[in-house]
Amino acid sequence: MALVVVLGLLLFAGLGCGGDETSTDDTTADTAAATETSAGETGDTTETSEAGGQAAAPTGEPIVFGAVVSATGPAAALGEQERAALEMLEGQLNDRGGLLGRPVDIVIEDDQSNPNEAVTATNKLIQQDGAVAIIGGTISPSTLAMKPITAREGIPQVTMSAANAITDEPPIEWMWRTPPKDALAVARALTYVSEELGVTRIAVLHDENAFGSSGLAEIEKSAADYGLEVVAKESYRTDETDLTAPLTKIRSSEPEALVVWGTNPGPAVAAKNMDQLGMDIPYVGSHGIANMTFIDLAGDAAEGVVFPAGKLLIPESITDPAQKEVVDGFIAAFEEATGQKPNTFAGHAFDSVGLLANAIERAGTTEPGDIQKALNETTGWAGPDGIFNYSETNHDGLEVDDLIMVRIENGSWVMAE
Amino acid sequence: MSLQEFLQFVFAGITSGSVYALTALGFTLIYNATGIINFAQGEFVMLGGLAAVSLHSGGAPLALAAIGAVAAVTVVGLLFELLAIRPLLNASVLAQIIVTVGASLALRTAAMLIWGREAMALPAFTERAPLSVLGATVVAQTVWVLGVTALIVIALQVFYRRTMLGKAVRACAVNPMAARLLGIPYGRVVLLTFGASAAVAAAGGVLITPISFMSYSSGALLGLKGFAAAILGGLGSPAGAVAGGLALGLLESLSVGLLPWSGTSGYKDAIAFLILLLVLFARPQGLLGQRTAQKV
Amino acid sequence: MARFGQREGAEGAAGESRKARGSGRGGRDRPSRGPGGALGWPSGNLAFLLFSLVALTVPLYLTNSYYLSILAFFAIRLMPTIGLNLLLGQAGQISLGHAAFIGLGAYGSAVLTTRWGLDPWPAMFLAAVLSALVAVVIGVPALRLEGHYLAMATLGFGEIVLILLIQLKGLTGGTDGVVGIPPLTLGGWSLTDPRLFHVVVWSAALIMLRMALNLPRTRTGRALIALHRTEIAAASLGIDVAFHKLQVFVVSAVFASIAGSFLAHYVMFISPEGFGVTLSVLLVAGAVIGGLGSVWGAVWGAGLMVLLPEVLARYNEDYTLLAFGLLVIVVMIFLPEGLAGAPARLLGLRRTPHIVGSRTQAEPVEERGSECRS
Amino acid sequence: MPVLRVEGVTRRFGGVTAVKEVSFQVHEAQIKAVIGPNGAGKTTLFNLVSAIDRPDEGRVLFRNPLRSGDAQIDLARTSPHQASRAGIGRTFQHSQIFEALSVLDNVKVGRHAHGRAGLLSAFLTLPRQRREEAEAEEAARQALQRAGLGDRAETEADSLPLGERHLLEIARALATEPGLLLLDEPAAGLNNEETERLAETVRRIRDDGVTVLLVEHDMGFVMEVSDEVVVLDYGEKIAEGSPLMIRSNPEVIRAYLGEDYLAEEVPR
């Protein structure tokens, strides 16, 4: 009986929910399309992306992208802008005539930063909403939990999370990635340590969460390649109150630089504690502190901290003219839509949608196999995260050069090199 | 290990330990009056810190922000007692545990909805270079924490030892019926206790935010560590709570420092919890306490 | 001799008042009634048969794997909730560390299959054995403790297991989790088909439900209800209190472990963060909100845990935890029988007894008195 | 050979000596009462005899007369449930019935030690479970008969009046098939009629061969049912003998009057 009740409520919730979303989406799309049409001019649908904002109103069955983001829960700081970007991009795509002349519907599900919810959400997106491709998840555990489903169903999945395992462990036939994977960020940071700092003895202080320990694993694996020796490694819990104990232990092994791999607030505590202890070795952070929160928390202690980041953080660092144009357009549009500056994660969302749209246009169909083939043929596609080159074996797309090293000076970011 | 390093570990332990001690005090207060362990205690610490951050960033001077935060959280504590604890004062231990656990869930989530997820900072009470002893350093804020903790302990000791109400509360905390027979307005005592406990917790939150920052999720771990500290010190004794807190902090930091191999700090918390379990199993009355926690 | 009687008045009154404290607000102090307790459910087999029939035939008319995955999580959530319902409702013992047993089951299955190449079913079995052993090791000392201390001890235990899952990287993959966990198979059929999986996972959950429903009207079940009300009286009737508490603790751990194994083989990926205190607390919250007075409460609680997020998703899923926290408080105060007891209560059919045990149950009256005297 | 031999038993709580070097014996099929002013240590003594508590000194030796094969055991080294299994049944001063269960189920709890069906049998409703359940029901109904509650089996326990609650506790204890039945203030709070019914029941139980040790304040009840009386004061035995002897014992009278006098001086 309870089951009947639950089922009933589920149907109610599900249908109601779906209904709501569809209707809002439709309205937005319609209005947007209407506005656009009034602007006139018709373009060839296959060239819509170049055609900019001047295209025919898309018609017919919408093409559904399903997205799983962590809009709530612990990882919401990452997922919030992803959601905002996805919502904006849906409108943008439809304004430009949709894809293949059809409207695009990006259905966004929140996994609450919980991999189990990501499973339910992915099933819903594929079964209920008929998604032709999946975007997400925000966090690596969700992506890894979704991976068997998309692999089983044979639906392309473009993830916005960074763990190496996502594309290192088979199967990867249906999985592509937009952010620089952890190994890439580590490679960028270690390059800086060995080439710019010119030291050999490093210590690692890392958050024991997935982000931090994956960073440590990658550092330990590749340190030797950069002529570096890890002389000490200590971990801490994300909500640790004081890190002077592990730092003191680290100090006793006399490293020449400290690599801190974690997300806030730990790295900020570490920066303050280093100040307190009078440790004046260079502090190299991770892309996990590529946000104002770190500067707010660490205050003066943040000065001089160096970390790897996507070029979106300092748009002036972009040298490739095509990428510059795309990124400038994205920043302007995002600021107009949300009133906020886009962060790295918004960039991941942009790249995910862009790469998929690009592949579908080239494929000319929404058949999964064709999208798969087209994605693998992606070359030189420029977005906020960098220049993407996928192949059958490379589903990461980015290179070390797509990252820059950033230094904190006077409470803001400057290029470190 | 050099003396300087050893001292540094001791200071690290004292810094964390003083945080635990302050949290433990709140547990002690409520336990003394009601026999209840408030599983939401850590959340009051968190609320204190975040409220102070809000007030301070809203333009209030630090001292005013601190006092305002303590006052606000005290009100929350009083409401908590009236709305959630009062109806269940005569109910089973299990019901009381579940209600405070539920409250901690609710308070934490509410805090997240109000303040968001990012950790927030507060400036140190006195801006000055860290104090240095034989090369080992400790931030001035730790001294603040220790000082206020000492003040609270002294105040509590005076209350329990010198005032009629304090004596009555302490003597018959385990038996509210007897307290009623002795003419003590039991309901009011419990209400005051929750208010006082929330105030102490909030003060702790305000004091530690400059050291360790504060976010909506900080309360859970603080609560657990604070309880471990309270148990170590023997539930019921304010001085014991402080001793337990400092002991726990020292144990943690020395376990990081003394274990010879690298990468042991991940087990720091496990060590703290293991000690909690061992103490509970072997000596539930705590290392310093006398009251029995076990059934016959 | 009449004077004697007079003098006794004092002690009698004090005794009564002590008792009054226990029973407090009208009937708050009693352990659960059996499944036939009319707690919103028709008693006995009929309700169970109907429920089973509905649960197992769902895939016939529902093929949408979104709904099926919600129902699969319902079943997976139901298993530990049944265990907690027995532990809390019948035996009156709390555990704030049961997520650890789900984690042990999930990791046991994951590690045994991916690293040591075992088949999923034996892996699930071995993981359950491991969980049972751990439950014995932790239960023997912990279950001697009274309410608050037991709660804290189990909380600490849960934290330790979580830390070990994170730190023993060689075995568990640390925070990266374990990928590539094989799905369950049955007679050569892979249970990746959501409909097949549904039938299997619900069969397991229903078996647990049936077993739990059988319990209250048996020797063991009555022993649990008795020791919940008063351990001393139970012991005086020949009940080995420690043994029975341990037994139900182990059973609840095994149920949780099996749920964890199903989860691992269903999601095919696990990572440690899902097995923390929040899950433990949510499980207890679910069990309480569902209702501890009847085993059916577990069904309500687990259903709500799975359903509420889906409904609240329209607004903001962060409200889910807030709702659960507040619901627990409200239920505890106004609806001590939980959702399962709500219909009967609302209809005024029956004042059902409270389940969470009396304050005095664990306290020897004599000692308590002497403490205050001295 | 006596059923129960209390030998030099002492029990201290902190600085207070609740029971001090108390010795006495209870013989088969006898009703023995322990009386004494408030705080005299009666309940402590009872807890020692039912193995809920352990003496600091002395022995509490018990031999079950109804099971001739059983050896004598020292209750000071026994756990409560083992004491029950050895043949000690008890009731409590403050009603400790299981309100959530029916009267019959309450008594069935008393059959616990006579069953073997474990958790597995319970979960799976194995044949053994069904068989034992039937046996338990049969025995429980008999025990209810003996306690004079035969017609109340299907009632909810929490709807019983106080007098019948006490009888229920007795029935429950009888279901364990005790050789020695300990009654902790069975007549407390009962009206005359209920007390009379209780006295009848207790005598009938004694006549069935069950030895009874009781603590009681109701002197009328004690004098009516007891074969022998032990008087405690401040934890020490001050008198022992037949009700008639106790009634006129000057020590006893002084103990009670003295206490009374004290009680008036210093109100509690």
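Order of writing sets the labels: A, B, C and D. Residues in every chain begin at 1.
Note that a contact is a pair of C-beta atoms (placed from the backbone, for glycine too) under 8 Å apart; a residue touches a chain by one contact, two chains touch by 3 or more.
Source: prediction; values computed, not measured.
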Hey, what chains does chain A share as contacts with chain C? B
Using CA atoms only, can you tell me which chain is the most central one in this structure? C
Between C-D and A-B, which chain pair is linked by more C-beta pairs in contact? C-D
Would you kindly tell me how far, in whole Å, the mean C-alpha position of chain D lies from that of chain C? 36
State, to the nearest whole Å, the distance from the C-alpha centre of chain A to the C-alpha centre of chain D. 73
With chain centres taken as the means of their Cα atoms, state the distance from chain A to chain B in Å. 39
How far is the middle of chain B from the middle of chain C, if each middle is the mean of its Cα atoms, in Å? 29
Would you give the residues of chain B that are in contact with at least 2 other chains, written as numbers and ranges? 266, 269, 296
Where chain D touches two or more other chains at once, by residue number: 52-53
Return the residues of chain C touching two or more other chains; collapse runs of consecutive numbers into ranges. 18, 29, 166-167, 232, 316, 318, 364, 367
Give the list of chain D residues in touch with chain C in this complex. 13-16, 18, 37-39, 43-44, 47, 50, 52-53, 79-81, 83-85, 88-90, 92-96, 98-101, 105, 108-113, 115, 117-119, 121-125, 129, 132-133, 136, 158, 172-173, 175-176, 188-189, 217-220, 223, 247, 256-257, 259-260, 263, 268
Within their complex, state which residues of chain B touch chain A. 1-2, 5, 8-9, 11-13, 15-16, 19, 117-121, 130, 137-139, 208, 211-213, 215, 217-218, 221-222, 252-253, 256-257, 262-266, 268-269
Residue ranges of chain A in contact with chain C within the complex: 1-7, 9-11, 13-14, 16-17, 20, 71-73, 76, 110, 112, 114-117, 119-120, 123-124, 126-128, 140-141, 144-145, 147-148, 152, 163, 165, 169, 208-214, 217
What part of chain C is in contact with chain D in the complex they form? 1, 3-5, 7-8, 10-12, 15-16, 18-19, 27, 29-33, 211-212, 214-215, 217-223, 225-226, 229-230, 232-241, 247-248, 251, 353, 364-367, 370, 374
Chain C touches which residues of chain B in the complex? 36-37, 39, 83-84, 87-88, 90-95, 97-99, 101-110, 112-113, 171-172, 174-178, 181, 220, 224, 227-228, 231, 266-267, 269-270, 273-274, 276-277, 280-281, 284, 293-296
